[in-house]
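Read the structure below first, then the notes.
A, B and C label the chains in the order they appear, each numbered from 1.
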Amino acid sequence: MIEVENLHFIYPSNVEALKGISLNIRDGEFVAIMGQNGAGKTTLVKHFNGLLKPSRGFVKINSIETTKTSVAELAKNIGFVFQNPDHQLFSETVEEEIAFALKNFGFKEEVVKKRIDWAMNLLGLSQYRDTSPFLLSGGERKRVALASVLAWNPNTLILDEPTIGQDHRQKENLRQFIIQMQTQKKTIVMVTHDVEFVAECNPRVLLMRDGEIIADGKGTDILTNQELLTKSSIVLPQIAQIFQELSCFGLPQNIIDIYDAKNILIQILEKKK
Amino acid sequence: MSVFDGLKFRKVSSPIHNLDPRIKFFYVIVIFFSAILFNQIIVLLTLFLMTIPFVLLAHVQKEWLRSLRGAAFLAFFIFIVNIASSYFTSGYSLTANQIESAIAMTLRFIVLAGSFSVFFLTTSPDHLGLALEQSHVPYEFAFAFTTAVRFVPVLAEEAQTIMDAQKARGLEMEKGSFLKKIRNYIPVLIPLIVSSIRRSLELAEAMESSIDH
Amino acid sequence: MSIIETKDLTYTYPGGKFPSIKNISMEIRKGEFVLITGPSGCGKTTLCRCFNGLIPNFYQGEIKGEIIVTGLNPLKKQTHEMAKNVGLVFQNPENQLFALSVEKDVAFGLENIGMRREEIRQRVDWALKQVEIYDLRERSPHEISGGQQQRVAIASVLAMQPKLIVLDEPTSFLDPLSAEKIFSIIYEMNKKLGITVVLVEHRLDLTAKYASRIIIMDQGKICLDGKPRKILNTQETRLLGVGIPKATLLYQELLEDKIALSNEIPLCSEELANFLKEQLKAK
């Protein structure tokens, strides 16, 4: 459980990046945080594992305030994948990179090996086991960064832009993985600009703008609200765009899933015949 | 909040912030050369104390102290290395002179760290660049210098992000023996170097397309 | 006139066990808007590095085959000689800017080729207006948003009036509205100024509608190459895991249920919406 109450955060450069955020994320929830560049998304999620401490207000993780504990303490339960993989890769091989956190958390040798195999397989990296992570393509480096955190199977996962540089198949793998995590009651918080990916996942969506949360609700409600999205510099997903253009024909306006769209269109078009 | 904040410029108004950047630059250069030239403890101490009024006037004491605290670790390291090397090279004994010179070396480092920190804390790279150009410093020099200065805070911010990323993977920087502590810096230093190289490559590429050789 | 021509181009990175691009033979003609896509790690960035001579000038390794870009041979020319004809825009906008103000960044290249002051002024203003950031010309490039920074990077390239612009995932760090703006600016450049564009991108939903041609790579090879409507309609494209635009996908799904909306497949939501409107009105 993540509880945030009236959270303000001011960077030392006097930028007020968060202006009174309150929200709760329950265990097992899947939340996407969206909003324009500089809205404060990364700043907000860095509070969830104690990397940043509130200037005002508080953040509680499982009822404990982040100011009363350390990042090292929180990290084991809360995995955090950063936006830019180049900010964390340092090992000689992909295998060692993934092993780093597992060793820090004191997992046993056999477990470490198993978890590495599992994570590399999940992210399609098995062929690169002994390759240096610096010699991989952009998308591959991002996946190594993801693997190195998923490997220790934390209860809560925070993903900052996980789909950058990924092709559709990799995104689909990630989505399946997230679904699997949810069946295990794990919490996932994803910061992203990828509207189509959010439309496919249909999680709870938080919209941020200038350090504030301007909307919080179901994906189908928020991703179909043109006015809200434009305020946060986001465009409608394609399916929602199509249905909006067809609004004069009395079509429902909360459709973002392609198969829902297909079924509705088939019904209408067949009826007309 | 971190030691790197001691290098980041922030926009506030104080007599020191508003001072012509050339004067501050000149001041830092003078301190720099004096600290290199003299190795008497008393001179170095004076140079150090001279910086303090500026720090207070600029209201940056909090950030300045933090950057000194960051430098303390390295200063301690310099001190130990100096003592150890004179101890071993002079046949397992130490003279008062040798201890004094180890203190001087350490102090010299602290003076340099302190004065550079005030400079970066109170001078915007933009003002500095303009000032250098107006004072007819050769363009290439002004350009190289301001580009370097501009990237100091960028580098500092990047180092902070990298430290965050590794802490989130369970790295505890302050844990372990002295040697372990030094080794703890590897997961921070390597990404910092690699992403700086990546950045300079792209920057060079962007500039390359515009330079006629 | 061909802008890029390669024949059996094969390249292996130093220490690489197998080539990252294999036997690439292709021709890109003046004025084309080519979208290169394909699974992560298939060699898109590597191919782009060949276009401007970064390979083999910076990356050693083994290169075979022939390549001519804007009439020059990058295997023989230095990167900066190539750079006059080929503009490059990278993923991360922050890393490409260095000057004290936006207009100085854009002017930097022109000053270096010794252009006259008034002419520089005109070119800079023109380039800034093309990407619609003329109002920001006096700001520091480090004080503006990511989307605006990427526009400065494009303006700097544009000011040099290159024959070819290569963009490698230029919007991955940008919010959707800024990304859309960047793509439409690139499209305008191609349409109005006739600059040849090579764009590497995974998200076809944002870009397919602009391309005049799509090249799909897999495991270092070109496996599909042709007009967008044709490429997106093949079974192979789907199997390669390329992200087909949702509008195109919905059209194909309806077709499977024997609902044919038109003869042409749509590339974006407006097109599909128009097809649907006609159907709904007709009855």
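Note that in this section a residue touches a chain if its C-beta (ideal position, glycine included) is under 8 Å from a C-beta of that chain, and two chains touch if they have at least 3 such contacts.
Because the structure is predicted, anything quoted here is derived from the model rather than measured.
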Quiz item: Which of line, ring, star, complete and other names the graph you get from chains that touch?
Solution: complete
Quiz item: Looking at CA centres, what chain is most distant from subunit A?
Solution: B
Exercise. Could you put a whole-Å number on the gap between the CA centroids of subunit A and subunit C?
Key: 27
Quiz item: Roughly how many whole angstrom separate the Cα centroids of subunit B and subunit C?
Solution: 40
Practice problem: State, to the nearest whole Å, the distance from the C-alpha centre of subunit A to the C-alpha centre of subunit B. | Solution: 36
Quiz item: Which positions in subunit B touch two or more other chains at once?
Solution: 198
Quiz item: Using the touch rule from the top of the page, what residues of subunit C touch 2 or more other chains?
Solution: none
Quiz item: Which bits of subunit C are touching subunit B when the two form their complex?
Solution: 54, 58, 78-80, 83-84, 86-88, 90, 92, 94-98, 100, 108-110, 112-114, 140, 142, 153, 156-157, 160, 162
Quiz prompt | Partner subunit C, residues of subunit A touching it in the complex | solution = 35-38, 83, 135-140, 143, 161, 164-172, 193-196, 199, 230, 232-235, 237-239, 241-242, 245-246, 249, 258-259, 261-262, 265-266, 268-269, 272-273
Quiz item: Which residues of subunit A touch subunit B in the complex?
Solution: 12-14, 46, 49, 51, 71-72, 75-76, 78-80, 82, 84, 86-90, 100-101, 104-105, 134, 148-149
Quiz prompt | Touch list for subunit B against partner subunit C, complex | solution = 125-126, 129-130, 146-147, 150, 154, 198-199, 201-203, 205-213
Quiz prompt | Residue ranges of subunit C touching subunit A (in the complex, touch as defined) | solution = 13, 15-16, 37-41, 45, 91, 145-147, 169, 172-180, 202-203, 205, 241-247, 249-250, 253-254, 257, 259, 268-270, 272-273, 276-277, 279-280, 283
